[in-house]
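Per-chain residue numbering starts at 1, and chain names A, B, C, D and E are given in the order in which the chains are listed.
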Amino acid sequence: MDIMQVEDSLVCSRRVPGLANVSLRVLRSRSGSRAVAVDTIGTRPGNWVFTISGSAARLAVGSKILTDLSIGGIIDRWDEDSRAALD
Amino acid sequence: MDIMQVEDSLVCSRRVPGLANVSLRVLRSRSGSRAVAVDTIGTRPGNWVFTISGSAARLAVGSKILTDLSIGGIIDRWDEDSRAALD
Amino acid sequence: MDIMQVEDSLVCSRRVPGLANVSLRVLRSRSGSRAVAVDTIGTRPGNWVFTISGSAARLAVGSKILTDLSIGGIIDRWDEDSRAALD
Amino acid sequence: MDIMQVEDSLVCSRRVPGLANVSLRVLRSRSGSRAVAVDTIGTRPGNWVFTISGSAARLAVGSKILTDLSIGGIIDRWDEDSRAALD
Amino acid sequence: MDIMQVEDSLVCSRRVPGLANVSLRVLRSRSGSRAVAVDTIGTRPGNWVFTISGSAARLAVGSKILTDLSIGGIIDRWDEDSRAALD
């Protein structure tokens, strides 16, 4: 599972049926790469979250949602800068 | 799920049976790497899309299509340059 | 399976149901990237461990825990520095 | 699915039972990394192909072949140099 | 499937039940990254092998062994240096 920060929502009118009516978020990793994840717990921009990938991503949000990445939880406190300082 | 841009179609006469008669697109990520995805929603070159990988890719387009990457949706607006400027 | 070092615990009050009541650890790879894993064997900060990813991660800790990364074992001795010196 | 070029065959006398009697090819990506794939369609060195990974790789060549990478098709025309020039 | 070289065994007294009593090897890729794999064919340090990842890794060595990486075969001849010279 990876640690990423919520950037904003993804607006996407035309989708495959297996992802209709789910909330999609654009996430950004510390290294600057972006990914799209299903959000079932209601995150906001700026939240640090951890993500679940693969078949577990699907099972975690209900197996009919055909995602490969889901938000697994909101991290209570995450200080990216102090972590980076340890490296 | 990842964000990529449609470059063009992939012409491929000789394929395994599990991928016969499906539309394949060459996608390009922001970093310049390329991938091939199944397209069931009718994308055009230049569209920004998000992709589904792994077993979800297969389920999203019908489980008899043996892909590991499928186009999940067309993003309504994606300004790669302004995103990059935030980094 | 990958080799990583336990950094600390991850405090995360709000989670998807499939990860309620499990211990989560922040791990750090040699290259400095971080990941979150389920810990069912009781590791401590500083331990070198190997991790199991994908569907095996889920099966290794009980298939109702919806993780994509689990700690598989604690390595008896791991001298990262002497390994690095071989490279 | 990824785009790679066939380099040559892989000679491997001692294998796990799930990969006995299949043709293995060494593939090379544009960035120079190498991978091994099952070939059921008869590729030759120099062919540009696309590859299927994960569980789809197994299903694409018959689920008793325990591979994580299979050649999915031969690309009719692929001009790596002109693609690279676009980047 | 990837090409890696066997470095040595991994001694790991405390493990999850799904990996008890299996031989684990530390492998090293050409780029210097390390991984841990289940070995059911009896490799020795210095051998060049190819590895199977994902759910196929598990099936290749018996589905009760909860690994995400297994050694698939020993390569008869592998000259890393002459390959590198081609790049």
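Keep this in mind: contacts are C-beta pairs under 8 Å (C-beta built on N, C-alpha and C of every residue); 3 or more make two chains touch, one makes a residue touch a chain.
Labels paired with UniProt names: A, B, C, D, E = Carboxysome peptide B.
Quantities reported herein were computed from a predicted structural model and do not represent experimental measurements.
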Subject >> subunit C and subunit D: spacing of chain centres that average the CA atoms, whole Å >> reply: 31
Original post:
Where the centres are mean C-alpha positions, what is the separation of subunit B from subunit D, in Å?
Top reply: 19
Original post:
Can you list the residues of subunit C that touch 2 or more other chains?
Top reply: 53-55, 57
Original post:
Given which chains touch which, is the overall layout a line, a ring, a star, complete, or other?
Top reply: ring
**OP:** Beginning with subunit D and moving on to subunit E, name the chains as they sit around the ring.
**Re:** D, E, C, A, B
Original post:
For subunit E, which residues are in contact with subunit D within the complex?
Top reply: 1-3, 30, 40-41, 50, 52-57, 59-61, 70-77, 83, 87
Original post:
Where on subunit A does subunit B make contact in their complex?
Top reply: 10-16, 18-19, 24, 26, 32, 34-37, 53-55, 57-58, 66-69
